[in-house]
Amino acid sequence: MRFRVTPHDSSFFDIMAETADCLVRGSALLVQILNADMKDRKELAAKLHEVENEADGFTHKLYQKLNQTFVTPLDRDDLYLLASNMDDCMDYMDEAGDLIVLYKIGELPKRVVAQVNVLQRCAELTAEAAPRLRSMDSLRDYWVEINRLENEADREYRRLLADLFEKEDDPKRIIKLKDIITSLERGVDAFERLANAVETIAVKES
Amino acid sequence: MRFRVTPHDSSFFDIMAETADCLVRGSALLVQILNADMKDRKELAAKLHEVENEADGFTHKLYQKLNQTFVTPLDRDDLYLLASNMDDCMDYMDEAGDLIVLYKIGELPKRVVAQVNVLQRCAELTAEAAPRLRSMDSLRDYWVEINRLENEADREYRRLLADLFEKEDDPKRIIKLKDIITSLERGVDAFERLANAVETIAVKES
Amino acid sequence: MRFRVTPHDSSFFDIMAETADCLVRGSALLVQILNADMKDRKELAAKLHEVENEADGFTHKLYQKLNQTFVTPLDRDDLYLLASNMDDCMDYMDEAGDLIVLYKIGELPKRVVAQVNVLQRCAELTAEAAPRLRSMDSLRDYWVEINRLENEADREYRRLLADLFEKEDDPKRIIKLKDIITSLERGVDAFERLANAVETIAVKES
């Protein structure tokens, strides 16, 4: 097992902790967007997009550091995988917020609230787990819970999809809602891929 | 060329053969789903999902083995690529079966049957080829035939897409059918990516 | 820094220059498709598809060379990444041209022309930058400009998407146009990923 605790090594994890913090703030903004009216939604989506840019900055910083560092605290590919998965989580949340505004969708089905609550919980769990990436210890609860949440979100998504065609009649609204709930579903999937990547790396490093 | 035939090395290929067997059983269930009525479709899709879970178990087992094995029979990345491509094949077949039930789609256009028959043939060819992955010998016919089938499926898919907008008038049905035939098309594409990965690895190892 | 200028090494870059030339010819055909009538569109899309096949041939050639070469002018993974990103650029342009014909879409919104002009500019910039990949020098302007163009294209895409639901009433036409503009948007995204890959590699090699 490689020697870890040097300021140099640790900063990879500091950057990931910063990105995880963006995920938490982004998911909180997504919750606000659901409960806001059209006018406020636009401002909140703009804020969400700022957070997404901030996260991009951290990802970019991490990639550059990866390319300039000879000895990395985890395998280069593993650090790359963690960063790109975090990037996906952020992108799908940003996309969902963006579509809600762009499509002027108005009120959203109750189940969409459940989807977004799962996203927020995933982001919080990821931020809580981030400091433990350094030692790759005691991460089991994190990935088990994320997988449980993803299964729950998947059931909600499937019910939403079925309801969409049974309860909605306006094709435009069906197309719009389908895009939004699919972005949210992909967001949760991205959190699961991130958790699975963490599990795989933890097993390897143990 | 690395030494291959040790029980230890071989078991990577045993796991892939098990996964390929899941692909064959999954594609057979998909054929049954097309010909079944709504009630039976639900049960068959549940069975298909069980097969998909089984395949996931094998993929997970292979990844863990990859992370715990120092000397692998093929490059680590190549084994990873083969496993993740097999996983995609299964996921798209499962998704298609799932959507057929979820969307209560009723009768499907004839050409969808052709798409699914191609999927089944791809799965069978993959299972037949799996034992030859160990030696990476005489795999040419396999990838040539898969590529031929993918071209055939692609033509069917494009005709289906054109027909969809010419023959169907209900937007809901158009959206639903488009999702289903696209999942099937992606399934065939995944089998092609798998075959292309096998070709690339075979060339490298030769 | 590895020694570069040997005929053997250089030919990787020759193949990429050939592929970049296909991107330029493909994007020019896409521009022609927009301005053509239904009948000519079909012929032009067939030509575009030939160019796509040609590009596939170069990508395949590069992968095979990668697998048969021991010392590569850039990291194996980086050459693979550049080639697969170029392949994506071509595929999305081909898909867009194909859908325009397949969907018998008739006249396209003005903003689609702007999207395709950006694609053509991206292809030209990529071809101009290709010879500089050998030395990885003076590529900054290239990736900065591609990123600027992608942001511009993204704004056009979002306006197109909003207009689609505000100005169009035929659900079929909405679904068709959404597919076409999304393929074009993904094409521009692929050029951005290619430029970002070049940046990452240049930083690493510097």
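Order of writing sets the labels: A, B and C. Residues in every chain begin at 1.
Everything that follows uses one rule, which is that a residue touches a chain if its C-beta (ideal position, glycine included) is under 8 Å from a C-beta of that chain, and two chains touch if they have at least 3 such contacts.
To keep track of the chains, here are their UniProt names: A, B, C = Phosphate transport regulator.
Only a predicted model underlies this, so the values are computations on that prediction, with no experimental measurement involved.
In terms of inter-chain touching, the protein chains here all touch one another pairwise. At the chain B (Phosphate transport regulator)-chain C (Phosphate transport regulator) interface, residue numbers used by both copies make up under half of all numbers present, so the two copies contact each other through mostly different positions. Rounded to a whole number, the gap between the C-alpha centres of chain B (Phosphate transport regulator) and chain C (Phosphate transport regulator) is 28 angstrom. Residue positions 171, 175 of chain A (Phosphate transport regulator) are each in touch with at least two other chains. Taken in their complex, chain A (Phosphate transport regulator) has these residues touching chain C (Phosphate transport regulator): 63-64, 67-68, 98, 102-103, 171-172, 175-176. For chain B (Phosphate transport regulator) in complex with chain C (Phosphate transport regulator), the residues that touch the partner chain are 158, 161-162, 165, 171, 174-175, 178, 200, 203-204.
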